[in-house]
Amino acid sequence: MDLATILGLVAGTTVVLIAILLGGNLGGFVDIPSVLIVIGGGFAATLMRFPLAGVGRALATGGKVAFMARTIEPRDVILKLSEMADLVRKSGPIALEGVSFDDQNLARGAQYIADGYDVVFIKDAMELARDRYLGRLAEGQRVFKSLGDAAPAFGMIGTIVGLVQMLSNMEDPSKIGPAMAIALLTTLYGAVVANVICLPIADKLSAKLDVEEVNQTLIIDGIMQVKAGSSAAVVRERLHAYLPDHQKQLPEAA
Amino acid sequence: MDLATILGLVAGTTVVLIAILLGGNLGGFVDIPSVLIVIGGGFAATLMRFPLAGVGRALATGGKVAFMARTIEPRDVILKLSEMADLVRKSGPIALEGVSFDDQNLARGAQYIADGYDVVFIKDAMELARDRYLGRLAEGQRVFKSLGDAAPAFGMIGTIVGLVQMLSNMEDPSKIGPAMAIALLTTLYGAVVANVICLPIADKLSAKLDVEEVNQTLIIDGIMQVKAGSSAAVVRERLHAYLPDHQKQLPEAA
Amino acid sequence: MDLATILGLVAGTTVVLIAILLGGNLGGFVDIPSVLIVIGGGFAATLMRFPLAGVGRALATGGKVAFMARTIEPRDVILKLSEMADLVRKSGPIALEGVSFDDQNLARGAQYIADGYDVVFIKDAMELARDRYLGRLAEGQRVFKSLGDAAPAFGMIGTIVGLVQMLSNMEDPSKIGPAMAIALLTTLYGAVVANVICLPIADKLSAKLDVEEVNQTLIIDGIMQVKAGSSAAVVRERLHAYLPDHQKQLPEAA
Amino acid sequence: MDLATILGLVAGTTVVLIAILLGGNLGGFVDIPSVLIVIGGGFAATLMRFPLAGVGRALATGGKVAFMARTIEPRDVILKLSEMADLVRKSGPIALEGVSFDDQNLARGAQYIADGYDVVFIKDAMELARDRYLGRLAEGQRVFKSLGDAAPAFGMIGTIVGLVQMLSNMEDPSKIGPAMAIALLTTLYGAVVANVICLPIADKLSAKLDVEEVNQTLIIDGIMQVKAGSSAAVVRERLHAYLPDHQKQLPEAA
Amino acid sequence: MDLATILGLVAGTTVVLIAILLGGNLGGFVDIPSVLIVIGGGFAATLMRFPLAGVGRALATGGKVAFMARTIEPRDVILKLSEMADLVRKSGPIALEGVSFDDQNLARGAQYIADGYDVVFIKDAMELARDRYLGRLAEGQRVFKSLGDAAPAFGMIGTIVGLVQMLSNMEDPSKIGPAMAIALLTTLYGAVVANVICLPIADKLSAKLDVEEVNQTLIIDGIMQVKAGSSAAVVRERLHAYLPDHQKQLPEAA
């Protein structure tokens, strides 16, 4: 669970709800057609920008990574890999079958070693899996960015449509206010969809893309070391180079 | 047929129509002079930006590629090319005359081989055709981008003109509303033309440009291999390097 | 004559005029002080950005190139240069005196050869003339861009001034509308000056700058070949490299 | 104390307060829910963009550096380092224990030398500390930038919510004005938070990041020289290269 | 005197004054608190962005260069330098004491030669002076840019403050107009400060920075030549390389 994303989304939504509830009831702010215009229009414009299959897959991967996929902790992975190296040197590759893994890629790499695939195959297969995953993440980032750009545009279109309708028919002055209120809802929805949901998620995915690229490469490099029968110490030392500076342990920093 | 473009355009248009019809009738939203101002102005500004002949050609190519041109499937092309290689090695180049092709460039390349042109000529001719095609695609992308930028500007100009007219003549208060409604229509048209049609198409063309560049180069490389009399296996292996990673076949990914 | 620029400008102006005339008479849209504010302000801000002498010269060159200067046709120039090469080899450099030229730079180069200047001088003189011309074109592009940026800003300033005046004096409600109409005129003028005239011209100049850089270099290279006494065939072949791909002639493309 | 930041913030706040007080009383401008919407929304969107732990740490470091952390004076540091070099050559590294330091990094480097750590360890440890510090500074800059971008967006959302509420319920005309006044407060808060506080701080941090990078590298280089037992003159000369040009002393500039 | 800057500023101010005076009297447009908000706020935000000492110095240098500092004429400087070279060869370096100079840097260089400083010292001292001057110019450019960005933001803040005050107190309808007029004044001031004054000056400084960098380097190179005792012809020829192309003299261009 990515706590920051969830906390931020909950806080952002709560802030908007408080703004609404303090001034009256929620009812006046719910308008299904307005939701349809902003969400539907945002998806329509995004659909035109991407290949058909890509949009759904990118949304799924992006949403999962932004909210749920716990970024793996490099320090833990290095520990696990050095244990695996130890195990392989003591009991042979087949012993990896009994190990349980948190991370899917790590598990797959261990399985390859246990199954006795050769080095070239394991490297190719794991790099391919990494590239697929990062590619979907990057497309997810672009899809959320496109939704965040298109939603306010359709919000504006919806509001202008509402204004034109209200202006064409002003015989009953008491209806002018409520009509304009409804016209403004699409602009509100567009701003909320973009600023509370889509653009922050796109930024989060962009940040995670950088982190995941390093982590996945660390795992592949570690699996290669385990396969080559390196000692736990060699694995640890080599993989420490992937750690961001503030996680490297220093004597005086404890 | 590019289903995503068509679905997106239909969905976007439907969303706008629903927004209009839910609040009344379509009649109040159709105003031919307003259409003329936005579409005419958009084309006028685009015309000034490009050479005269280029605008029409770029619109035609861009529209065709965004909506209809099915992106060729690299995997199918590689299969076809390896069959061609087989055929040429078994029955000689002339046998290619009997093969039917989906893709125009592939067909042209096969014809060159069957006709016995030399390697240098075929390479030059096909690369020239590719550069022409990609150049028209790039110009199409810029023309749709220019239309998407100019339409909202002329929409705003139309609305200000309408506001000035309404404000100069406010003796009959009952006419103020409808006059402003009509003034707002050009802004609405500008936003729809830009956000529902032109800018997404420009983005789609930009994405297709990248894909087509790889595909066309794959075809040229494959035709060169067939001309050189390579075996089907060599053709397949060499052209696999052009595949995006997620299309490379892996034993465990089935 | 650059037909696209002229057609685009006429079409853009017509569109704005139609928008005005359909809703009433032109009179209400002509306000000399408003014209002064937008045009004067635009030039004032542009003047501050550039050296004094540069603005006038850049406007003149830019306007001439955007509207009148027919881009030379590289294919025709290559033909002319190969004829000149032929002539020089047959009848000597002095024969160039009798040839008439469409393009000023080509004419100047031929004159240099006929006058017997040495290679280094001709190259330096022609490259200097080319750099001056391209420099003026680039400055013209920047001046039109600056005008297109400053005009809407002064349009907004004019409108705010008008609004403040109207709001300070609202005793006669019947005058509020017309006063606001006039206040909006500077915004309208600013949008028209920028979107119908200045920004498209700046874009056109930017595109011509790229084309002219290649063409002028082609002419200089060709004149050097003629001076060196190359054969017509050599001149033609060498200069073909300057042609954009879609103008190279292919056997099958006719 | 960074006087410019504090003066600027005080002046900016004073200007806004004067604007408010000149037109009436402060009371009408304080609305706790509006503060919650803008500040809460800004933090919510920022939280989604960054890892949970990072936001607090980045805010703390950024705020401290922007307001309090006196940028060290390179000239003083060079003087101190040359005195240290002198001391080490005269009385040995252990004598550094008696020296007092303004700058934490300088103190830590002196302690390392006094404790007799080897060159490689000192360099690694100090560079790591520098990278951590600069990394936190850079993240602080991004967090303040994100707050400055998100606050006006939530200000706009708050205003639209208020407008919708006001428009839905216009039976009592006397309440329209005050309701709209409150609706506008979130836009005001958003503009103030962004333009008076967050964006200038982000710019200040960005400028300090450049300065600190040079200063911290100067300190590390100086400590290395002291450790190597260089003479005070050599230390001074070598470190002068880090000074920005206008601080280098010239005979005629006194 | 930089005539273009002054003419542009006078013209821009005149245009705004004409816009005001044509519609009534100047009185309604002068509001000291509004001036304080825009100018004070602009400086407050700028102060936060830069070190305290830098803002004043940058404003002074920037203002002086944009308005008064006549850009030196490279052709004149080359002439002067070649005369100096002549003089030094004929009468020795001491003769330079009797020469009078328009340009301060040229004068300083001549003084150094007359005083008999060595080559390395003169080069270092003059390059340092040049770097200081260009550094102040660059900071001046950034300060005017920051003012031009902050002024409209504070203009908007002032207008929202005024709107909130007006909306909270609408009992006397006759006061609504004038109150809104005053509220709009800060927006007007912000737009004028940015578009008529600060942003064009920032652009002018940016252009002058490029020119001055070449000119100052030309002077340093020339002084080095004079110091080395080169002949007037050598100085002239070497320094001609610094001239922009359109100032190089050509036989046929007169």
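Order of writing sets the labels: A, B, C, D and E. Residues in every chain begin at 1.
Here is the rule we use: contacts are C-beta pairs under 8 Å (C-beta built on N, C-alpha and C of every residue); 3 or more make two chains touch, one makes a residue touch a chain.
On a predicted model such as this, the values are computed, not experimentally measured, just so you know.
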Request  = Name, by label, each chain that touches both members of the pair subunit C and subunit E.
outcome  = none
Note = Whole-Å distance, C-alpha centre of subunit D to that of subunit E, is 30
Distance from subunit E to subunit B - Cα centre to Cα centre, in angstrom = 48
Ask   = Can you list the residues of subunit A that touch 2 or more other chains?
value = none
Remark   = Ring order from subunit C through subunit E is C, E, D, A, B
Ask   = What residues of subunit C sit close enough to touch subunit B in their complex?
value = 3-5, 7-9, 11-12, 14-16, 18-20, 22-24, 28-29, 71, 174, 177-178, 180-181, 184-185, 187-188, 191-192, 194-196, 199-201, 203-204, 207, 244-246, 248, 250, 252
Note = Counting only contacts in the complex, subunit A reaches subunit B at residues 33, 36-37, 40-41, 43-52, 55, 125, 128, 131-132, 135, 146, 150, 153-154, 156-158, 160-170, 186
